[in-house]
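Submitted below is the structure of interest, expressed as structure tokens.
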Amino acid sequence: MALLEVHNINKRFGGLHAVNDVSFSVSENTIKAVIGPNGAGKTTLFNLISRNIEANDGKVFFQNKPIHSLQPYEIAQRGISRTFQNIKLFHGMSALENVMVGCHPKSRAGFLAGILRLPSSLSEEKMIRERAYEFLDLLGIADLAHLEATSLAFGQQRAVEFARALASEPSLLLLDEPAAGLNIYETAKVAKLITKIQQRGITILLVEHDMSLVMDISDEIVVLSFGKKIAEDHPAAIQQNKEVIQIYLGEDDA
Amino acid sequence: MRQYFPLCIFLALVVLIQLVTQITETAFYLTQLTMSAYYSLLIIGLCTIMGYAGQISLGHAGFFAIGGYLSAGLTTHNLQPFADTGITSLLDKAGLLVSSKDLYGDTLLTVHPWIACIVAISTAVIIALVLGGPVLKLKGHYLAMATLGFGIIIFRIAMATPYFGEADGLSGVPSFTLLPGITVSGDFGARIINYYIAWGTVLIGMLLLINLVNSRMGRALSALHGSEEAAQAMGVNTARAKLLTFVLSAAYAALAGVLLTHYNGSIGPGEAGVMKSVRYVAIVAIGGMAHLWGALIIGTLLNFMSMRGLFGSYDDAVFGIILILIMLFAPQGLLRLHIWKHIQKIKPKKHGTA
Amino acid sequence: MLKIKNLEAGYGKLRVLKRISMHIDTGEIVTIIGANGAGKTTLLYTIAGMIKATAGEISLYNQNIIRTNPESIVAAGCSLVPEGRQMFSTLSVKENLVLGGYVQRKQKVDQKEELQKIYDIFPVLKEREDQLAGTLSGGEQQMLAMGRALMAHPKLIMMDEPSTGLAPLIVKDIFAIINRLRDAGNTVLLVEQNAKAALAIADRGYVLETGKIILQGPAEDLLNNQDVQRAYLGRDVSTEGAQCELD
Amino acid sequence: APDDAQADEIKIGAIIAETGGAAFLGIPEARTLRMLTDEVNARGGVAGNTIKLIIKDSGGDPAKAVSFAKQLIEEEKVFAIIGPSTSGETMAIKDICDKNKTLLVSCASTKAIVDPVAKHVFKTPQNDSLAVEMIYLEMQKKGISKIAVAVGGTGFGKMGGKFLNEMAPQFGITVLENEVYDPKSTDLSSLVTKFMANKEVEAVVNWSIVPAQAILAKNMRQAGWDVPLFLSHGFGNIKYVELGGAALEGVFFPAGRLLVADSLPESHPQKAVLVKYTTDYQAMFNNEPVSTFGGHAYDAFKILCKGIETVGKADTAMVIDAIENMTFVGTGGIFTLTPTDHSGLKLEAFEMLTVKDGKFALAN
Amino acid sequence: MNPDLFFQYMLAGITYGFLYAIVAIGFNIIYNTTGIINFAQGEFVMLGGMFAITLNNILPLPLAIAAAVVITMLIGALLEILFIRWLDNPSVLRMIIITIGLSILIRELALHFWGETVFSLPYFTGNELSTVSILGAKVSPQVLWVIGVSIIMVTALSLFFKFTFTGQQMRACAANRLAARLCGINAKNMVTFSFMLSAGIGAVAGSVISPITYTQYDIGPGLAIKGFTVAILGGLGNSVAAVIAGLLLGLIESFSIIVIPLAFQEAVSISILLIILFVRPHGLFGRSDTASLKEF
């Protein structure tokens, strides 16, 4: 069975049917991309899965368990992590601290342990710090660790967000436009990174407008348009899909 | 361990000040230093929920008042007339009551201060728990309004309830023996020990909070301050983290209320007033918001000067001026030294650009 | 029309721009390319007056604008489509656009007509006219940001990564629009990650690296420049990019 | 207690609410004290000692009052403390002064200040119970037996409410309605409506010290309700009359004679004192009208001086002794202090006054 | 309850409601431009009343009020210029704390200038005793003045913010100051203007309510808290909502006295408000989508 299954999910904003009866599934250890024109409902779909917004109806299963009535933080604890299209870093915290927060679901020390500074929390703290460094390093921004995250350049902020999401060691990673604002070189780096993450056993669901990235790395693609799923197939097939070309890709896309 | 270094300096300073006052025979300063210690206890608690977790509370004077009033009420209201009724005698047998003579020779039967203290703080904690749930869902000005409203409610209850002395407040609050030989009391003879009780409490309070803000939970608090949505997406149960911190800070405020009330021997409704809460919030802001040491030092200084009547009739005016000046010229707080951050910032930058 | 000489700027003690000199002539499309954190956004903000320069000169139509406030710079005909969109998120789409036309208020322009022009370029915005800008999708916001800047009839329009987050079809539209703007006599300063597309339509380009301009010249020259190709155009990306920092 | 062997300066502390919600009490008090100190020192002091007045502004906050009391006692080693202005503050420092053997002469009225009697604690304002008695006697005369009581939400109001209710049966009076209003009220028409709804109410007593008491009077008349209105001795300020305007015409209130000094017969023992205080105060402060609150401070200061003069030196125990056997003609009335009565005023300290053409006048 | 009595309570409630609303309106203006609550708003109300009273000694009432409004507006502008205008990108919290400081300072200055004495303007029509009968209930004509002035101000302001260009610009500044500047809007001038406007409105409020509530150097905070409550309850930024919320609060307060002692009235009314707020976290008429886009 698939890692993530979305069944007939719906979201309306007033008169706008932003996500219209969408169903799809993501198999373990694959990279799946969601594409579609601007305003098609991709981000909304992500928000529905991560429960940042409430669905009107529909079901979501993760590892065969229903997750459509959990709190957002429970979703994260189950092993779904995400990045945001409009970067949402914790202002007032350094890049390192941002990533350390990412380690939250995989660490235990509670309120009391923190206040009393129990030895267990200390060793855990050390481990978190090391792990956070590791992820910063992986993204190639270890030298920015102590700068305030929100004062970094756009692309650097994206990297921090990426590292933060990875730090929670998710089974499923939702990436909303990870390459937006990156140049071709950096985009390629991200592509490499994503495949590398996948090799570590992490499943990836991805929204991206950069087709060079999407077509390169994804195993399967879902196409949304006006909230509806209009296609789901392998990259090669999608590239040939008339409708997708007409509404999204344009004629002579690479 | 580095974060404990200031604590050690602080401890040394506390002892040093006491010794200096002893040598210079100015021990009377300890009276106001003790009073400001208790206000500072409230302020560092508020600093945690406000500065770190980013949840403004304009109602913390209310928690202070809950602590102070309950403990004062229970330890001053004479149960002698009810000595033979069921509950009272039951409590008496359980050893929860104390009998004493007042200044005028009448016998008083009152609740033991320890019991009163526990009741007072638990009440504050329970109220914070119940209130915190819905209140902390609110944001920004709406949160400010709700906490302000809570403060007003407590103020009004204190003002309107005969048990709490209405406009007069409660006086004649007995001293509070924490342990044999260690008594919270305003007597001149007990001044030094009270100074150490107060600052000892603040130091322990500070220690716990420093631990908290440097822990995983503390980081979660700063995170939800930065972006609640993202914090949730990172698995932080933001509602719970906010609530626990709120409750903790309420407990600090209530404890401060209990101890200061026993120290002063009285409490008045003004302690629950809106202006008090506003003042606490402003002090946290002057201290630099997410800055425990700033809050502690500014809180102690300002309250000390105010309690000494240093500015006479200009107490409020001076406070207002300080507030404005700091917000204009040092919005990060007077005591936020950037030295560390600068060093950290510059170092990796050089590697980066090289 | 725009001349920059030995410009320096930064944040607090952090010096980001180092002795930048460049110029833009009327009717040109000039593009600036550079890696993340090179200082492109900082440069645009400095020109727009939002960041105060610490040294150097910026002159617009031979007027030194280094001490001029952003409002007057906009009024003088130089608009910025900022990075990260910067919506009036609690205002409706229409209100956002109308406010974009603020500097045109004395020109007695017909607002309906003005709006219609923008809606012609971005039909989605018409549909979303009364929606709060903050609830638009990312791409819709990007279009609104451009539309809003166009409402001011800028003579020089600076765009900070306008194609970010837009669907491929729209990206093409955007570049077409930029071309049309130039044809209509506007001048465009374009910061783009999509260096290939940017250089393809630009007349000239600058390459910015860690706050310094390291290369400049006609767009074709840059397109053919080895270094540029390697660093920004994806030549050899598959081999070289792969090795970098990942292992 | 101060070391009196070499005392040529007597320190008197004062804890006064010069700012904050009770400033309307504290400001005339502080002015009066400063004026009297200058006057006494100009005349060569008390029993050869000059007086040093140390005023601490408490802003009406009991915690500050406690801090200041400790400072004054311990650091300044004052001989006596005058004030505080409010009963809450006074109660907060009553025990501190008594334990540390420092005289306290309060300007607040709550009976609890002197009951139970603490050796070192006195007060100058008339007891509330006496004012209540005055009002109830007047009501008896007028044949009123069913009343509604509104009190301002201060210590003063609280005590008034207590005595009004406790003493009513003795005078055959029934209190039908009771309400406490906020000292900072902006409008009280719903309170008036509630009282009005009770058709049996024959008169209203409004016991308060704050400006808002004029609002209640106004709202009553605006609602077209013209039952007799009785006010407390806290209505001791002509400003309130100006505020209430026509709505306050014909109200009754008991008060010391300070407000009607001019209309007293020359033979009245208080006349000289009252006229002098009034003229001095107005000359000094720009024709600011006198209020009974300043009078309380006057009495406190003068009682202390008289005590010291009697003894000839500032010895606490001896001065207390002197005060406890003193008869003193003050602004509040003729004080007869005894070891069991640290307030010393009797019913005849009061007159029943009314407002006529915007001025205070004797009611009868 | 007989109808007369009912109407009398209702009129009392309406009186309270408009007293609160007229103060609340001032909050909304600055909020709409800067996104902050101006804690010195109560002081503007106080200053307006005080100046009008002082000037009324030498000028006829309408002129005194007009002059008071102008003076208060100038003070509002001056305060903004001195304490806020020159700050670079002040955060919302920073500005709020500054206004707290200003409110304390203004109050202290007023204490030293006017003393602790209570003052009052004369009734605009009639005197302390005059009443108007409405449905068998009686009310002072001054209350009608307050209602009239509030309604005029609310209508004018709503139209201003919705339909005038300046109004839109002011809202734009609150929504995103950076973007506003990039659109060529002089955000600083807008903020100065909003302080002026709300000071003026506060002064008008302070003048019309003075005969009812009296004016004293420290009436500010009390009025401001009520105004703030009402502004929040209605949903920040919306003046019509503030009036409705004001009426709701006023009526609760007025009728609650039937069952609850007056001393507990505020505790009860605020509790009810809190419950409303828990159910509708953005006020009665606030849009949740707008609120979720706000930074503070």
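Here the chain labels run A, B, C, D and E in written order, and each chain numbers its own residues starting at 1.
Criterion: a contact is a pair of C-beta atoms (placed from the backbone, for glycine too) under 8 Å apart; a residue touches a chain by one contact, two chains touch by 3 or more.
By chain, UniProt protein names: A, C = ABC transporter ATP-binding protein; B, E = Branched-chain amino acid ABC transporter permease.
Note that this is a predicted model, so its numbers are computed, not measured.
Undergrad: Of all chains present, which has the mean Cα position farthest from that of subunit B?
TA: Max centre-to-centre separation from subunit B belongs to C.
Undergrad: With chain centres defined as mean CA positions, report which chain is farthest from subunit A.
TA: D
Undergrad: Mind checking the centre-to-centre distance between subunit A and subunit D? Centres are C-alpha means, answer in whole Å.
TA: 73
Undergrad: Where the CA atoms of subunit B average out and where those of subunit E average out, how many Å apart are those spots?
TA: Centres of subunit B and subunit E (C-alpha means) sit 32 Å apart.
Undergrad: Can you compute the centre-to-centre distance for subunit A and subunit E, using the mean CA position of each chain? Integer Å is fine.
TA: Roughly 46 Å, centre to centre.
Undergrad: When the C-alpha atoms of subunit A and subunit B are each averaged to a single point, how far apart are the two points in Å?
TA: Subunit A and subunit B have C-alpha centres separated by 42 Å.
Undergrad: At which residue positions does subunit A touch at least two other chains?
TA: If we look for residues of subunit A contacting two or more partner chains, we find none.
Undergrad: At least two other chains touched by the same residue of subunit B: list those residues.
TA: Those would be 159-160, 316, 345, 349.
Undergrad: Mind pulling the residue numbers of subunit E that touch at least two other chains?
TA: In subunit E, 108, 261, 263, 266, 294 touch at least two other chains.
Undergrad: Using the touch definition from the top, list the residues of subunit E that touch subunit B in their complex.
TA: Within the complex, subunit E contacts subunit B at residues 31, 37, 39, 83, 87, 90-91, 93-94, 97-98, 100-105, 107-109, 221, 225, 228-229, 232-233, 236, 261, 263-264, 266-267, 270-271, 273-274, 277-278, 281-283, 291, 294-296.
Undergrad: Okay, in this complex, where on subunit B does subunit A touch?
TA: Within the complex, subunit B contacts subunit A at residues 208-209, 211-212, 214-220, 222-223, 225-227, 229-238, 241, 244, 248, 290, 344-345, 347-349, 351-352.
Undergrad: Show me the residue ranges of subunit D that touch subunit E in the complex, using the header's touch definition.
TA: 19, 21, 23-24, 27, 153, 178-182, 184, 186-187, 189-191, 193-194, 196-197, 211, 214-215, 218, 221-224, 239-240, 242-247
Undergrad: Quick check on the complex: what are the subunit A residues that touch subunit C?
TA: Listed in rising order, the residues of subunit A that touch subunit C are 13, 36-40, 42-44, 85-86, 140, 151-156, 159, 177, 180-186, 188-189, 192-193, 196, 209, 211, 247-250, 253.
Undergrad: Report the residues of subunit C in contact with subunit A in the complex, numbered from low to high.
TA: Subunit C residues touching subunit A: 11, 33, 35-38, 41, 83-84, 124, 135-140, 142-143, 161, 164-172, 193-196, 231-234, 237-238, 241-242, 244-246.
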